[in-house]
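What follows is a pair of complexes built around chain A, which joins chain B in one and chain C in the other.
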Partner chain A sequence: MSERNRLQVYEVLVQETKDKFPVNVGSVRAPSPTLALQMAREVFARRENCVKVMVVNREAVHVLDDEEYLGYARKKVFRLPFLREREARPRERNGKQEDAG
Partner chain B sequence: MTGYMTEQEFYRYVENGGKVDATDPMPEAYKREVARIMSFQALAEIVGTLLSAEWVPKAPSVIRKMMYTAKAQDEMGHAHILIRQCEDIGVTREQIIEEYLAGKRKLLNIFHYGFDRYEEMVVGMLMQNTGAIVQFQSLVKGSYLPYIRALRKIMKEESFHYNLAVDMVEYVTKNGTNEQRQIIQEAIDTWYPRMLAYFGPPEKGEPPVDALRWRIKCDTNDDVREAWLEKIVPLISSLGYTIHDPLLKKDERTGRWSYTEPDWEEVRRVINDGGPRSAYWKEKIRKCYEETRWVRDVVSRYSAGQAAAVGA
Partner chain C sequence: MGFNPAVERFLIEWALDEFVVGHLLGVQTFHYGPDLEENIAVGSISQDELGHARMMLRLLAEDEKELDRVVYTKPPEEMKVATLAQAWKETDWSYLVVKSMLYDVADQVRFDFFVRLPDEKLRTIEGMMGREENVHREHWQEWVDILSSDAEGRRRLQEALDELYPYLADFFATDVYEEVAKAYGMAATDKSSLLGRCLQQVKERFRPYQYTMPLADEQMVRLLEEPKGRAGRHLEVFKEIYADIHSVYDQHPEMVWG
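The block that comes next holds the complex of A and B.
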């Protein structure tokens, strides 16, 4: 196997502050998780503070990216808090209409 | 997203502003064009790193040396981020460097020159950073999402470099000697036409090139060049210097700039046959690449051991 194929791709996650979830910010190519972490710190956390850096071997990530399937959550009428016909009417914040639902 | 598209539908999709991710199916021609543009910038960042690093020992104070170390690290970080995107579509870092060393990859015109003095270097940085910023502002509107994400990260740091360059020019102007101010003005005169050429020749009259049609690039070379003039002209005069171009003028009605056209013959000659520092940079990169080979070998052996340990 050639030198370039042996290196693995690691996805990098950075947690900016403790009250936020870590976010995927990019990737590095490294021979081990330890070196991947060092590279990730160097590339993604050199200039900006954060509380945690994580790396995940890209091959260990399970992906669902069917945009049609993932994109229709908001189209389900039964997940809305009101009946469809209410949508057309102007919303009245503290008015009687609010509790007519 | 692009999974069920024919090639024609794909091109119509990107032409109409559709966005593409690395994992989406895409025609080979589109992929090649994206890789070409990203790897071209990656190589520029690698050379940019060496250029910055070279000024660490020569910078006039400890704090400027530290700032230049930080800048060199940023450039390498940019190279790394771009290279990762290239690798995801099949162009490796080794390929980028080895093809450049073999003469198969060209450098931007500005990397064929060097700086003899600190005062000249700070002007060059000011010109180059403003150029890079307007170029990235245009490219970030493009169709290829991994490039957009990479550019967003790069732009943040590029604006730091821009402010650093402005600060250095201001500092020398305020505290330096007349001779130093004179060198700054001369450097502006030298670098202005090179920077006009940096954005590439106009695509005038030709059918739009693939990169433009597929929205990998979003503005013509002329439009980006004028965006740069819009930025650099007031900046240079606010710093107390002049751009000596008798044709430089903005038509207030159309908003278009006129300027002295760069000598494109000369630009092509420099890019193909080299300028004053072309051989110098190539030799430096060759040396760096060879001298650090042992590091890559250690890493390679180590990763082989890792793979063996987990039975992969």
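The block that comes next holds the complex of A and C.
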């Protein structure tokens, strides 16, 4: 199989309306970017209207997925832009106290 | 809606082509392409083509049963379906790619003729159809390009081209274009000039990969005088297609679906 007809994975982003950001809705496998766009349209946007469909070859995506590191954000209370002290207090959920945020 | 009989014939021939092409693309949607995504894309093209057939017939009749009668009550020899539209091989992807590419290029030539007709009633359907057909051509061109990237793919495409290319002549082997042009008082449009335009576009699309066209243009023009599907003389496989298309309708001909 030549490089040209190698199936590759493309991440699909769909922008529902002009005032929203495109959202990653899933992925398709396709042998070319043009077909990836067509397939993305058929798989993710054939029954719902939208204003833009984008595909990105997954190999071109730089990823950060360190969950522990990415999970620190809510713990840094001092960075939260709350105006009132009450909002910065730890949240209660199901009777249990959570970290701030 | 009060169209000239020639225009009516033109729309019915066109609608039946689209109906058969759409039907065949939908028959085995689940295992055409190399992947689920491609199958969904082919399924969608199939629905587009069936939708185009419906849009055209809607111009002629509002009543659902009237639409059904155009498609389902004709004996095979009265269905002037282009041979290219009915060409079909089970599970042969390269054959389907070439058939679809050739059909969509010929269809574009017919569409270009259609949009020049000076009739407001016809304008309602061209926007959506034109846009969808552009996507279909892009789709099949992309597959021609992909399959042409290795020797095995080129061999299979050439084989399919050898069989299917001559059918382009039958596609235009109808006097309906001249009759429609006459009905609207337009300059004469003869079938050989439409065929010539089509062959030129087909060659442009296949030329970059060095495929050989099995017949010269003059031979193709001569074939215009030997219509097959356009004269109701169908391929052997059409019997199967015809039976399949009729299998549900014939059980309850008076049923209004949907």
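We take it that the second predicted complex is superposed on the first by the 74 of 101 C-alpha atoms of A that agree within 3 Å, B and C clash if a C-alpha of one lies under 4 Å from a C-alpha of the other, contacts with A are read in each partner's own complex, and residues count from 1 in each chain.
FYI, a residue touches a chain if its C-beta (ideal position, glycine included) is under 8 Å from a C-beta of that chain, and two chains touch if they have at least 3 such contacts.
Values in this document were obtained by computation on a predicted structure and should not be read as measured data.
In the overlay built on the shared chain, the residue A:G26 is in contact with chain B alone; chain C does not reach it.
Once the two complexes are overlaid on the shared chain, A:L7 sits against chain B and chain C alike. In the superposed pair of complexes, A:D65 makes contact with chain B only, with no contact to chain C.
Shared-chain residue A:Q38: touches chain C; no touch with chain B. After overlaying the two complexes on the shared chain, residue contacts for A:R47 are found with chain B alone; chain C is out of touch. Judged by the document's definition of touching, chain A residues 1, 3-4, 7, 28-29, 31-32, 35, 39, 42-43, 46 lie at the interface with chain B and also at the interface with chain C. Of all the residues in chain A, the ones that touch chain C in their complex are 1-5, 7, 28-32, 34-35, 38-39, 42-43, 46.
Those residues of chain B lying in contact with chain A across their complex are 1, 23, 73-74, 77, 80-81, 84, 87-88, 92, 94, 149-150, 153, 157, 160, 296-297, 299-300, 302-304, 306-307.
Interface of chain C with chain A (complex): residues 34-35, 37-38, 40-41, 43-44, 135, 138-139, 142-143, 145-147, 149-150, 153. Contact residues of chain A toward chain B in the complex are 1, 3-4, 6-9, 25-29, 31-32, 35, 39, 42-43, 46-47, 63, 65, 67.
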